[in-house]
Every structure is written in structure tokens, then in C-alpha cells.
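Below is one structure; the comments refer to it alone.
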């Protein structure tokens, strides 16, 4: 059986045209997906059964034992951190937020280690964006800033941006200009008409310089800005102004460097300024396929998109104080639940150290370093392959993920429902 | 002056939120009543005496005549002196986040260090820190247009990033270095930095920033020559021109 | 050699990142790229390793060249090896600074730890805490 | 259940302040209920549950507002209780707060005013999370490429078939049109300047788009009329465009018993002046036109002083707002379908423009003779959040209240509007029309907005004795009582009791399933296949809102056949 138009549960591109061939509930081939998506959909080794740590070692347990143990950990905690959510569907997010309310925890997503600064930038300025199809149909200039889609979003260029074709962009790449701004040459920069190489941590100054040029104040600027010549910057500004529809796509090069959310803040202003000259939109190149979805669900449920502290029964949002790395880094959490993410690999090791001396619950299909540090491990079905549900693409468009094969494992949503049930039962027992 | 001494009964790992520790709240209460005030340790609602011992003068006084002395480690106790309008808080050691949030008057004196968001959205009064302060001193809440609107903050050590973000009024003095982006998006107020600063005054619309050490200055600042100030010769800039700003930035030495 | 370390995604890292205990993930993320110039200046043997140290930690990774890198900049794919080198400070916004960390790079005879060895100290601590 | 002894206002059934009992069984109003559980409403004001025909309560725009405004999120915080989820936000509340606050006002129905088809899944995800109230969403059609092409080709039948498909795809209730043509022009940063300004690349005018959509709407015999946000909205002098629009469609007849066109948040479309300097109210001209024409309806779009979060598919308007006010600006262009924008702002009492805008909304409501023609809205949260409805009602019911307000405003308010000279004070019957009967009738919701046998058992009981209180003088008491309903009965279930929320039923979602001929449907299908192949960034098979997103639907049938 061939399942058509399957959605890819890997990156924020959320490609929805994948063909998956299934025989006897086994995936036998995956077509149209990139290397990243194909690998994820084809699948690999799984955590076989729930594990619970006893006398220092993880040993096999039943799901019921694991649920109760997880619930007890959460109930005992004064500041439980519920973290992850990027690689699962929105139906799980809803249950996770409800659980966080019930146990009065802090809920945060992987956004706080990727595009969290982008969200804080948006809080300062708003975001002048569009759906990806708008870029495909109209953009004659693509600016990729601190982004390397050739490695991180392999089908982005063909489907949505530099090489895509649409109503006003019939010539595809030939009819477009591409500017890449980065600290190093990459496979992405090789596709550029103009590669602006800058020094790490100087993005803010470069953006301010471009804004100066666009405002006609180039003559008040120094001849070089952070090592880049004014002439080079003027060339970039001219290309931006000359576009009929420009699009600034930015990646972790902006959010992970010195300046962090201020870089985004300034980039958003640059795009707002550009709209006095021509049409320009901006978008964050979100990483995991549904990290955007968590932000959306969390915003409509709590009012805030990430890093929400529900300790006092009210939502309180303040990244820098209430984000996962803040809390773990300062050793403020006394329990952690990780769902569909791997903080042990993706946080700085000094932060991960904070997971070693508190009880950790992991819900995930796959073994990873977070498993090494977990006290309860609950294997789940792979969302988007074995479970259907909602995901939000990097541009905020929501789509329904398909179920392609049956799974012997429960979904993340069901696991959290069960933990929630245990929490309520154990609390009533006391 | 009525003096009340508050001491933690133990070290806290989980941060404690204690916005009730304020002269405005304490003034009219007996010690017994103060002991019954609400504080939070993580997600556990407690009464103040569960976590802190309270001693001192038992007779209610006016807010102006109320002085709170915090002895012991308050570095994980947040929101001390929130919205206080008068009176005094003296912190023997260090104080946790959000000390003097929305403070309107009175004095907070910290003998050790202060954590992040010191004097957030402050409107009046005085905060002094003998040690250093964290990020976002005198800043606003996320998404708000205005941070500190009035009052004074004096830090004898150094301060972290985003000092006085969105400042609209008041003065902040830091004796040492500050982190990145001091005075960004400020619309008024006065900032004096004894040491170095990195990209101060980003998107400043109005206000004044003096850097007595070295400043990395944005390309969107226009040089206005040199001026003399308190016996120093400082380079003067105006900006931030990307926002058509008319703020003044002075620095003893400049990198651009 | 002093260098600025940046971390980031690669195709290999992405294709293996849900199989973190696999040899493929190890191959895809436990290396450091250097410019040709820096690579030669370190006197590395074919397939040699480098020890990268920052104020926050140190790690041994294999070395390779990347002609896209300017001299003085090194790249390690995002993942546990790179993250040994990143500081915990979230700069007031919740996000550590994963790119632009000042590092010291030297050639070494030490071996690259596999992913379990890399977390060995923390696993040991966890065992102690829970025994 | 029997609600005993209340003073009932049920205008659709001709009941204006009569003491009577209301019986409810199985969620509906009945002659006589078997369950004799009594609710004592002796002497109290009783009305059908409130109906909001135009508010932005769900979807991408609203969530964008939340995400860009943590400053708003921290206002209106209420903790979790054993029953309730935590609340946050004032202009852009979280979903739970939205449901709780409507319920506390005595409202039981609210319609999301604008959803692009492609983003309707998101809209429904939020609607599903709003507790208690029934809801629906109006689907945007005014800038959709398929619409523009049908209009260009003069193929109104095909347009009707596309609307039927679009309503099904979005699980939408009606045809919303926002700045027709302007949203497409904004794709390259442009706008349309008036009714006859052609849309770039499509060779159609706003006039043609509006007329064709209205004709198609009537071919389909949809329960609601076209719901129009006019061209040039928010600009000085735009009342001329508004009147010109109305005149252009006078001849188009409604196919069912309702208006032929609803113009929404009219306050924003009733401006005189050649610029902001000589900005003035043209509400009297608009009201005069409505008094002479019975086929049109409108809603107020009343402005409330303080914080607002403006959000609209009129993206070029939001861009100019942001530039003018140097405010935060979010924009969202939606491939092949729409544009949109979100800008937070503050309406100031001492700002002459804001004061005049405030007066215009009230003038419209007071100068339009029939309350059936003008619904009460604040275009939440554009004019201000819906929690201010009691404020608006007291302004309509009390001249002293208006005078008191005017005295705190910029003096130009009395020079540039006629509000200060208006003596009319609305009575409870008129308020019941504007907040219940008329919104239900305008939307075509047969079971809402009244208390006749067969109506939904949605009843609000307020702690007010209409016989004993003079709203003109005691407006403070009126506002207090309207702000927190004594009893809100939703579908026969007590959801608010003595001001406390006591139950959280999941509301239902209305959508319209309109039938068209197979032949027309196939012609549309061929166009769509082409558009998905060439232009959309997603597959056609993944486009339509799945049943999973509308778990308690009320499907209203309509159609050409």
C-alpha cells in the first residue's frame, strides 16, 4: 500500500508530499523525503519497554508502574520542569500543559534553545511575515541570514524559497537574487549571488548599518562596520531595495550568537524599514517540525508561547528566569519531565549536570543521552508516523500529520493522560 | 523607626517568592500577623514563618517609619520590596531576582549582590547595591514600552546585560563595567557607567548614557566631537539614528 | 591555537540525531572542522584528534578541514560534544550562547569519547544519587 | 428547569418586559418542562443569552496578538481553580478566559469574524478550546485568487460553487470580505484606493468583487449575508466609499429573510475629513442612509479607551497604523488568499482622533432609528475587548453617563461629532435587540437570540430589577449588574450561578454545508487542482479542515439545489 501526501515529522518545513510504501505494517520505502526526513520516517532502534531506576540502575517495568512512578515524582516536586514537545503533535501539547497546571510546574519547549530569542524579538517589534507559499509565488530576493537550509532544511529551497517556482516566479532560481549572510562559507552560501561574510557576534552592528543606509544616512557611518566595508553593505542594501518582494529568512546564526534576541529585534526592524521601500517579509527558520506548534498551543492555552511558570496556579512568563536552561543551570528544579526532546544532548553540559541529581522522566520513542540520566523511561509511538495529529509549519500553518503504520507503543498523548490520571488518583489517596 | 528583622530558617534551593516582604505590607501588622503572610516556595504556598523567622518591634507604625532588615541568605528570595512606596529595606547579604519591582518610593539597600531585574519598572525611590547586579537592572517587563520611569539605582560593582532596557526616566549609576546593550530602546532617563559598555543605547530615542571607560559604539551613532564632564574629556555621540533618536552618548574611549 | 567555536546543524547530524547511540551519530557529530590553514598549523596526523577547551569544559574530537571556515574559527556539529564547550549563562533570555565561544584548540593523542563515556560522570552521579 | 418570575425581554417574540416563566428541557425552550427545578428570577432582568456576531476570538491573528504581547498577557491573570483553567490577557485573553468572560457577561454565542481557508484548522483548534459558548467562524473570500478569477470571468455560478467548497474546506459559516482587492494588492505592498481601483494582475475592481460575492452568496441561499469590511476602512473621508459601496449593491436582493449585506464595525468606516487634521464624524450621514434603506445592517465597532490589539485581514491598514503610531507591527500574508496584520495600540481620552472615533460608534447606534439595523460590538479587540460591553450598554442607555464621559475627553469630540446633542437613551428592549435578537437574526441563527418554544435554552438573568431602576441615572448599577450575570443558563445547563462559573460544557460550532451542482463542483475542482499543482505550498489532500477539528458541529444546510 502506498500512502500519499504524508507529512514529514522532521524539520520545520513540514513537507506534506511524501510517499510512503507500507507492507504488512512495515515501511518499505519513502519517496520525495530528504535525507533527514527519510531517515526519521524509515525508523530505527527503539526503547523496547518502560524502564524505572532501582538501586541506581534502569530496569524494565510495566507502563502502570512507570505512570505511577512518574506521577509520584511530579507530585513530590516543588518546582517540576516539563520540557521538550518539539517532536510531537499539538494534541500532546494540550495534555502536557494541563498536566503542568495540575502539578504546578514550569513548562518550556525546545524553542528556548533555538528560536526563543526570535520570540522575544517578536515581543519587542512584531513580525512582518507570510506563509511560505507567498514567498514561493512572489519573492524575487531571498536573504538567508545565519541560516544554512542546505544542511538543516534540505527541501526548503526547492519547495518554498530560492529555487521554487510560482505565479510571479516562473523562472525559479534564475529569476531571483539570493543573498547569504554568515560567518563562514556553507553549501547554502555557494548558491548565493552575494555572500556577505561577517565576524561572529557582529550581526547587530551590521543590521544597524544596513538600516542607516536604507534611511539615507550612510554618510554618517564609518567606512567599515565590524570589518565589513561600507561599499559591501551598500550593495546589499541596494539589492534589498531593488526587490519587488524580498524575504529575510534567519536561522540560529542570529539567535545563538552574541546579541541573541536583540539581533532578531533589529532584523525585524530592518524588515519593517524595508517596507517603506518595497515589499519585504521575514521568517524564522524553525528547526523541529512542531516546535512552532508548541508555541501556538501554549499561547492560546496560557497566553504565552514558552517558558511558562505555573507554580502559583497562574501563568508567569519570563525567559531568563523561567526557561529550562535558566532553571536547570541555577539548580532550581527538583524534578524534570522530558517529552519528545533530548536536552542532555542539546543543552550545555554544565546545564545538563542539573539533571543528574534530580529525578527525570523521559517520554520518547528513542534512546538518547537523556535516557542515560532518566529515572523513569516511557517509550512512545512516533508522532507523525505511528500517530496522527496536528503540527505547525515554520510559517505558522497548521497541518494534520498522518498515521502510516500501527505502533505497539502508546502515543505521547495517551502516556501523558495516564500520568495525569495517576497524579489525580495519588493526590486523592493522600 | 520600627525595625523588623527577617531571617531565612534554612537555605533555599527552590526560589522563594516573597513580595509580601515590603514596608507597605509590614507597617500596620504585628509580628504575629507578619508571620502569617503568604509566601511561595516553588509551587508550595507557605506562611512567612514557615520559611523565615521574624523579630523586632511589634508595634505597628507608618510605612515611612518602617524598616525591614533582611539577615542571612536572600539570594534566592524574589520580589522583595515589590511596589513599596516608602520605608526601608536593608539586605545584609545578597538579594534574589526582581527586588524593588515597580517600586514607588523608599529605600532598598543591598550590601551584597542583587540578581536580575533589580528595580524593574521602578517609578520612584532609591536602590543601592554595594556589590554587583545581574541582567535587566531598571528594565521593563517583556513586551512593555516602558521600563524604569523614575527613582535612582546606584550599583557600586558591575551590572549585567540589558541594563535599563526601555528606560523612560530616573537615573542609574554603575561604578564598574556593564554587559551588552545598556540603555537599549530607552526613551529618557540618565545612565552613568564607570567602566566599559558594549553597544550602549541601541535604538535609544532620548536619554543620556555616560560611559567613563571604553564603549563599543554602534555605527548608527553620529559623532558630535568632545566635551568635558567632571574633569574628564569624553567623546560625544547622538543617536540612535536608526530610530531618528536624539539621545546623548558619551564615552571616554571608543571602539567602532 | 585560539579560535572562535560555533556549533550548528549538518545533514549528517540531522539524519542521525534520533539514533544518538548509533555509530553514525558518533561519526556525524564528534568532529571539529578547521580551516585548511589552522588545520596545518596544528601539525595534525591524518585522522588526528584535537582537544578543544573553553572556560566551560574541554572535549576531544576528531579534526577535519572545511574550506568554508576562515582561519581562527572552528565548527562542531550541534550535539553533546559541542555542548561540553558551551557555557550555562542564558544571557537573561533563556538561551545559552551556542555560537561564538572562545576556545583553545590543540592536537592530542587522546581518544574521542563515545556518547556513553561522554556522559559517564553524570551517569555515575545519577547512580550515586539513586542507590 | 423553570426560570420563574423574571421580567423578560424577548424582542423576536414581541416580548418587552413582561413577567413570565421560561421552561427549558433537553437544552431547548419548551412550553412546559417535566423537570420542575426552579430558578428564582423574581423581578429580575431576563434575556436570551447574548450573541456576538463579530469578534476576533480564535486563530492565527489572535495568537499572534498573544505572542507579541506578553505585556497584555499579564493583565487579567486569574489562577486555576478546581474547575477553571488559569486566565490571562485583557485584549488577547487565552481561550479559557475568553469562554469564562463571555459567560460571566451572560453571552452564550460568539462568531470569529475572519478566518482564511488555509488557516482555518488553527482557528478551529482555538475555537474548540473556548469553553461554554457556541461559536462559528466567517471565512475570508475577498482576496482569494479563485474568487478574483471567477469575478474577472463574470462566472458567478462558479464563484458560488467555490464559496460552497471554501466553506466546507474551512468549516466556515459565512462569507467575510475584507478590503476586497486590497489584500491581494498588498502581496506586492500595494492597496486599492477605492471601489473602482483595479486589483493589480487580476483586472477586477472592488465593486465587482463585492457585487459578485453578494450575488453568489444569494445563489447559495446562505443563512448569513456577505459580511463586509469596507475598502478604505480607518481612513479620513472614507464615509464616501462606504456610501458608494452601499449604493452599488442596493439592487441585489437577499434570497432569504435577512439583510442583503452586513457592514461590520461601521465606526471605522464613517469618517469625514481630508486628513487627520480635519478628521470628523460622518455617522449622521451613515445613519441617515440606513434609516432610509431596510436591506442593510451594520455593527458598531465601538471604541473603548485604553489598550487594544488591532487585528484584521486589512494588512495595508495595519501597516499604516504601525507607521503612524510607531507601534509594534505584525503582518501575515497568506498565499493565494489574504493578507493580515496585528498592531497593539492605546486609545487615549485626550487624543482628539480617538475621542471622535469613540463618539462615532455611539452616534451610529443612537441615530439609527431601528436597533435591528445595528448590532452592538467593539470589534473585539480592535475597538477594545468585549468585556467592555456593559460600558457600551450604559453609554447607550444614559445621556448623563455620556455627558460625564465627554467631560473627560478632548474638547474636539463635541465639535467634530454630534454626540453631545443626542438625547436618545435606549431602553432594555432596544438593548436586547442589539445584543441578542438582531445578531442572531443577522447571522441567520434560528435557535439563538430568542426564547420562543424550540429556541436554544440560553438565558441570562441579571441582578437588576428593570421596573425599579432608571438606567439613565443608575448607570453605575447597570454596568455592575451587566458585568457579572446572576445566572447564565446555556443549553439548559446552569453555567454561571450568582456570578460564579459552575459548569464548563463544551460549546458547539456552526458551519454551513452548501450544495451546488456536480458540474459546477467539477469545474471548481479542476481550477483547484491547477492551483495546488502550481501555486500552493501544500497538497490539496492536506488542505481541508478534517472532522477531528470540529468535534461538536451544527451543520447548517444551504445551497443552490
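So that you can tell them apart, the chains are marked A, B, C and D in the order they are listed, and the count of residues begins at 1 in each.
The working rule: contacts are C-beta pairs under 8 Å (C-beta built on N, C-alpha and C of every residue); 3 or more make two chains touch, one makes a residue touch a chain.
These figures come from a predicted structure and were not determined experimentally.
Trainee: Could you tell me which chains are in contact with chain A and with chain C alike?
Mentor: Under the touch definition, chain A and chain C have B as mutual neighbours.
Trainee: Going by C-alpha centres, which chain would you call the most central?
Mentor: Here the chain at the core of the arrangement is A.
Trainee: Which chain pair shares more contacting C-beta pairs: A-D, or B-C?
Mentor: The greater number of contacts lies at A-D.
Trainee: Would you mind pulling out the distance in Å between where the CA atoms of chain A average out and where those of chain D do?
Mentor: 34
Trainee: For chain B and chain C, let me know how many angstrom lie between their CA-based centres, rounded off.
Mentor: Computed value for the inter-centroid distance: 38 Å.
Trainee: Measure off the straight-line distance from the CA centroid of chain A to the CA centroid of chain B, and report it in whole Å.
Mentor: So the centroids are 34 Å from each other.
Trainee: Give, as an integer number of Å, the spacing between the C-alpha centres of chain D and chain C.
Mentor: Whole-Å distance between the two chain centres: 56.
Trainee: Considering chain C alone, which of its residues make contact with at least two other chains?
Mentor: Correct list: 91-92.
Trainee: Mind pulling the residue numbers of chain B that touch at least two other chains?
Mentor: 116, 135-136, 141-143, 180, in rising order.
Trainee: Name the residues of chain D that each touch 2 or more other chains.
Mentor: Counting only residues that touch two or more other chains, chain D contributes 68-70, 73-74.
Trainee: Mind listing each pair of touching chains for me?
Mentor: Between chains, contact exists in these pairs: A-B, A-C, A-D, B-C, B-D.
Trainee: Any idea which chain A residues touch chain D in the complex?
Mentor: Touch list, chain A to chain D: 4-5, 7, 16-17, 90, 94, 98, 101, 119, 122-134, 136-138, 159-160, 165-167, 244-245, 272, 275-276, 278-279, 281, 295-297, 299-305, 310, 312-317, 390, 392, 396-400.
Trainee: Under the stated contact criterion, what part of chain C meets chain B in this complex?
Mentor: Touching chain B: residues 91-92 of chain C.
Trainee: What residues on chain A touch chain C, complex-wise?
Mentor: Per the stated touch rule, the residues are 10-11, 35-36, 39-40, 44-45, 53, 55-57, 108, 112-114, 116-117, 120, 148, 150-152, 154, 183-186, 189, 197, 200-201, 252-253, 255-258, 260-261, 287, 306-307, 319-320, 322-326, 329, 342, 344-353, 355-357, 365-369, 372-373, 375.
Trainee: Mind listing the chain D positions that touch chain A in their complex?
Mentor: It is residues 58, 60, 62-64, 66-70, 73-74, 77-80, 85-86, 88-89, 92-97, 118-119, 121-122, 125-126, 129, 187-189, 319, 322-323, 328-336, 342-343, 534-539, 541-542, 546, 548 of chain D that touch chain A.
Trainee: Quick one: in the complex, what on chain D touches chain B?
Mentor: 68-74
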